[in-house]
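The following pair of complexes shares a single chain, chain A, combined with chain B in the former and chain C in the latter.
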Partner chain A sequence: MAVFQVQKKVDGDLVHFEFSGSLDEDAKLPVITEKIREVHIDLRQLKTINSCGIREWVKWIQPLSQTYEVHFHCCPKIVIDQVNMVSGFLPKNVYVESFYVPYYCEENDADRSILLERERDFRQPMGSNPGFVNFQETMTFDDVGGEYEIDVISAKYFKFLKVS
Partner chain B sequence: MTEQRVKFPIRFKLILTLTVIPLVTLSLYLALAVDLFKKDKIAYVLDSSVTTTRAIAAQVHSNIGSILSSMQPIFEGFDLNETKFDHISQSLFQKESRFSMIVVFDLSSSTMPKKSAFLQKSVAADAYLTSYRAYVEQILTRINQENLLILPIDNGSNDILVGVKHHVQSAQKHWVFISVVQDTTLFEIFHQSDIYTKYLFGPNGETLMGPKDRDVNLTSIVAQEFGSFKGEYSNEGTKEVRTSKGSEFLASYAKVGVGELTVTSFVERGAALAAVQSLLIKSILFFVALISATVIVSVFASQKMTSALRQLYLATKKISHGDFDIKVLATSKDEVGSLAQGFNKMAVEVSRLMSETAEKARMENELKTAQVVQENLLPPPSSDLGAVHISGFFEPASEIGGDWWHYSEIGDRIFFWIGDATGHGAPAALITSAAKSASAIVECFPDITPAKALFLMNRAIYETSKSRFMMTFFLGAIDKQTGVLTYSNASHDPPYLLRASDEPLKKKDIVLLNEVNNPRLGQQRDVNFLETTINLCEGDSIALYTDGVLDLQNKSGESWGERRFIKSLLGAVSAKGNSTTVVETVKNEAFAFREDAPLNDDFTIFLCRFEGLEKAS
Partner chain C sequence: MSNKNAVKILVAEDDEGLGSSLCEAVSRHGYTTLYATNAQEALTLVRTQAVQGAIIDCMLPKMNGVELSLKIEEQLGHKLPTVLISGIFKDRSFVRDALKQSNALTFLSKPFEVKEILDVLDQTFDRKEEVIQDAIYTIISNNKPTKREIIKSIEGLERVHGFELPLIYAFLVHAKAGGHLNIVNEKGEVSGISFGEGTVVHVDIKDERSFLGQLLVEQGYVSHSDLVDFTFEASQLPLGERLIQANLLSPHAVPIALAEQMAIRLGRIVLDTTYQMNFSPTKIEPKVPCISEMAFTSYLHDWINSKISTVWFRSFFRSWLDHRIDAGPQFEKVHSLWASPVLSQMEGVRDLVSSGTTIQSLIDMGQYSEDLIYKSVYLLLAKRFVVFSDNVSKVDYRNHLARVKKLTQDVEGKNHFEIFEILGINRNAREHEIHKAYREISKFLHPDKIVGAPKEVQELTGNIFAKVTAAYKVITNPEQRAKYIDELGAKEAKSQMKYEGILDQGKDFLKKGRIQEALQCFSDAEKVMESTSELKLLLLWIKMKGIKEGQMNSVLSDSIEKELSAIPPEDRHAAVYYFVKGLYKRLVGDYELARRNFELAISDDPSMIEAKRELNLITLKSSQEGTRTGITSIFNSIVKRFGS
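Moving on to the complex of A and B:
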């Protein structure tokens, strides 16, 4: 399995992280010492998460979200699965800015993912404001033939947006 | 396997090699050097000998020449008619101190030679002549062939008889002038005792002069070897001769040049090569000393060199008997020293590995025991509980795993439980044991709800692991009388509710049991778990699984995934098999995808089929 790695960039009162590899018992999640206001984490290069990694994540994100506003970007399916399943994986004050929705074409035996973006395609419920998500059960793409079907159980995948 | 005994130690091989090589090379060198020196010495001796012989021959030639020169004027004063010497001849004869007598013989007669005249210095001349009669007769006999004959009288008198033939053609007369001349010098040359034994030989090889103590064998050999010198040999030369008794001599000869006389010199080969012998003996002694020193040095050097090897040998014997507590002393800075160091490291490593192997074997045994124990934590793979038919399959990724599933009847409800502890292996297995124990307590409460049950389970897990290990968990309870399913989820993969249908089921037909979600068991000490309910219809199936099912990988590292799992599940359920068949089908399809790749996580799947309300009895 690929080793968990972190790229960090501080930009004023924002810190940008890029996580890659496998989130497991050996993953060293970063410590923030700078005086910042927001934490932005790009998760597109995260490949796997195991149960030990989930434990480390929950231990890390809970206090982080109490101190900073945290934004997740380009969340892959493995992250959204845990967001939906594990209580505490996406605590308060943590926002998903964008996430991938996988599609599959049985005819081509090919996968494709589309990126949904906050406000344009979805919104997390906040207070009395309900959440929403705009997605299609099937899609076609200009560059390749065949019909692509959403490769998740919608009710399960978009649950964190509390869309029935 | 019997140990091979050391028959020829390396130490002996070393000593042998260090000794044999110089022994052979020095021996060869010695043999070559001695041979070369010997040849050189022989050549030198022969060269010296021939020089000496040549000098002696020249001396003899000079002496005889002098005698002949002195005789000539005397002979010229002999009146052939009167057959007497004139007064000048007499006067010359008297003055010449070397001459003792001159006799003239007439050989004209065919009968006995007749003494015609003589000169004498003493009155005892006749007596003198009589004493030399035999020699004179010799000369007279031979002088006819040889015009000049020299006959040394080697009897201590130092006299030489010189016979000169004179032929007067006109008178048809032959005269022989025989002079008795004393030449001490000449005799001394041959009597002188030095390294060279000198001989004067006559024309027929007869010994005329030689050392006082003459070697008879040598004389005869020489006579044989040099025989007659007439035209057969050059004027001088050298030769190596051997007597019949085996004595070896280095000989040289030189013709005198007068009277067909030849001077020869002999030197014993042994005497000539005495220096070589001395060199040989000294060399051998030195050689022996050198070899002895080499042997001694070899013994000590080989002892030092092989001591580490011997230690290694003894150490390997100890290891072969299971004793790893050894250390070879490695002081030398060469390959043997490095080998000893390497051996020490190896012994430590082997000892460590053996300890680890023993520990591993012990742990494996314990794991096997734990495996047996864990098997007792699991329910029978399938059961018909009247309203509900349950079938399940579990395979741990290692000997023991962190997945746990269970079903039980508590009052009028069928409880079904599934949990997945953090990680897998022994630590996760201990959590499942805690879960099993907690469930046993929960089952004592007939009215307990799934939420309350999870509350108790959470406390049990928390107290067991103190948040180091957690467990996702799903607990459902089907009321046999009402068909209501109450469930509570602690962050577990939400089970699929598959409604009974005559049509093949599709993905959109899946009802997720994820209306409520709670923290994982053991995450915090006290949690108020939420639960919810849903109505079941006859024929509805609930599929429960752990993430090991979705994460199952093949040899290429590809995951089975949710899509394949759902397709397999829906196909199996749509095929209208019972729960056992469905579970078996899904398991087989999953494992077919996996091939013989090892499980990367525990694999658990079980199915609850609601068979309909239980009629109240």
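Moving on to the complex of A and C:
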């Protein structure tokens, strides 16, 4: 399994992280010592999360979200699965900026993922504003033939957006 | 429902006025509609669009609606949820035949309220999303799912009952899956099981207790006295490593004991409760320690045999009772699985597979207990030896009547919540599970399903269905449910305290040899709440106290063995279990194993006087036999010397 790694870049009062590898019992989540306002985390390279990693994450994100505004970018399916299942994985003051929706083509036996972006394609519910999500059940791509079907159960996958 | 407009409904109606009105009403309700004025257009639309449901007029040009629905099924390879409508064909026998042939959701005679169609669509497509979550049902009725289909089905699961976990584990092992199964219980505690190419490589559950030391002693790798010194030693090193360093333990023993500990922990979450879960596939290399596929089968058997209640099995198999049990992708006539304790009691069952047998027909045979049948079928499903056929055997109204009569008896005098508990629904079940259970029950209790049945069947079914429906309406009311759960929680806490009090008193009587009083206490405890493993063992203890040396016969021995194997694996590492097993081994004449078990009992509970007493008795017996043997041999040698 790929070791958990963190790349960090500070940009004024923002800090950008890129997490990659396996979020598990050996993952060392970063400590922030700088004076910053927002934390942006790119999660696209996160490959797997186990139960130990979930607990570590919840312990780490809770105090972080109480101090800073946190933004998740390019969340892979494994992150969205935990967001939907684990209370505290996405606490208040943490926003999903973009996330992937997987598609599969039986004909090509191939997977593809589409990135949905906040405001353009979805919105988390906030106060009296309901959430929404626009997605296609099936897609075709110019560079490859075949019809790709959404490879998740939409009611389950988009649950965190609380669309009814 | 989250995204109705993704659902495409075909409307096949040659009356354009009615057809366009239907399309408009269904579209306004959120669905996407596709309109066809004849069968050919309808078939073209089905071929080119991802149609998910249909409203079909029975009287279309050149092909009637029932024929069209069958042609659609042939084209798609599966049934399409369909509502049949007709202005001409209204008599009961036509309606019955049409429903039977097409397996449509319902048949509506014109004029009908559009709301009736919309309600059916809503129920179907809300249900459809939840049925997709019944991935387990998909796998157990699919003879040749690919590895991807199995993993995707499991990935699609959002909630699972604890008693379904053995199936999930088994499917992931069978599919040689790699990944992390993450599980969250009602309290929000996260557990996880990691699979690597069909082996279990890691089990992470909240469990303060380590079994390692005990397992090493139990398996004979280290003595209790050697272990004691290390157990309480303050050290960063794990216990196994310390023992190895002190040359008290061979390195090969630790992974064996750790694998057993993994299995104990895996079994500890097979409980009568509901979990949320997700599966995160990833490549994980098999490693040591691990639970191999072969070892896994024996644990699987153990969990099924000792942990899952008959009530739950009944609810799980309720909608499958009349489905044929067919050979699955792993079926083999010659395989060690048939020799397992559960299946070996079902003599001849392997020959019944694929012969038209159903669970109901096995129950009707009267040859096997209901509990044994469920356990056997569950084990065979988990190992992919069997699958359920899509085809339902012809409804036998005598069976249906018997089932309904039994259900009527069971729910008599019960409140609404108790009725659903009888139907196998845990009181902590989420609303979605209650809905699902109600739909399952409706499949065999709804009056529409027994059109044409004898009057007695219809009446009884109608009565019980009304009771279940009334119960459903009450328990899905959030306030009433919350109130009931609070009251029940308080009642249960009181019962638990009462139970423990009575049990302690019974144990006291037992230790003092006051057997009748002990039995009375244990019988009172059973009335307060469901027997724990401890109570079952105490009752077995009393049973064996009543058996004298030489009285043990094979029937009694088998029955005691069965009772011991029904103790869940995680409860087999405590003093009382070792002691009771020791008693059993003594009675069957296996003194060596008896001694071993008494020693284990003492190592777990040094104050267990009964175990010490039994150990002394065995030691005395051995030395007496040794003395007797010695005297006999001296006598024989004297006789020999003076005789020759």
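Following the convention adopted for this analysis, the second predicted complex is superposed on the first by the 164 of 164 C-alpha atoms of A that agree within 3 Å, B and C clash if a C-alpha of one lies under 4 Å from a C-alpha of the other, contacts with A are read in each partner's own complex, and residues count from 1 in each chain.
Everything below uses one rule, namely that contacts are C-beta pairs under 8 Å (C-beta built on N, C-alpha and C of every residue); 3 or more make two chains touch, one makes a residue touch a chain.
Source: prediction; values computed, not measured.
Annotation: superposed three-chain arrangement on chain A; chain B versus chain C shows a clash. Taking chain A as the reference chain, the count of touched residues is higher for C when chain B and chain C are set side by side. Using the contact criterion defined above for the overlaid structures, shared-chain residue A:33 touches neither chain B nor chain C, since it reaches no partner. Within the superposed three-chain model, A:153 lies in touch with chain B and with chain C [touch as defined at top]. In the superposed model, A:87 makes contact with both chain B and chain C. Once the two complexes are laid over each other on the shared chain, residue contacts for A:129 go to neither chain B nor chain C. Of the two partner chains, chain C is the only one touched by A:47; chain B is not. Superposing on chain A, the segment of chain B with clashing C-alpha atoms against chain C, chosen from 153-161, 225-233 or 531-539, turns out to be 531-539.
The contact surfaces that chain B and chain C form on chain A in the two complexes overlap at residues 25, 50-52, 54-55, 84-88, 151-153, 155-156. Contacts from chain C toward chain A in the complex involve residues 1-3, 6, 50, 129, 132-133, 152, 156, 158, 179-180, 182-184, 188, 190-192, 194, 202, 204, 276-278, 280, 282-284. Remark: chain B residues 402, 420-423, 470, 472, 490-494, 507, 510, 512, 514, 517-520, 523, 547, 562-563, 566, 601 touch chain A in the complex.
On the side of chain A, the complex with chain B involves touching residues 25, 50-52, 54-55, 58, 84-88, 104, 151-153, 155-156, 159. Chain A contributes residues 1, 22, 25, 47-52, 54-55, 78, 81-82, 84-88, 137-138, 151-156, 158, 163-164 to its touches with chain C in the complex.
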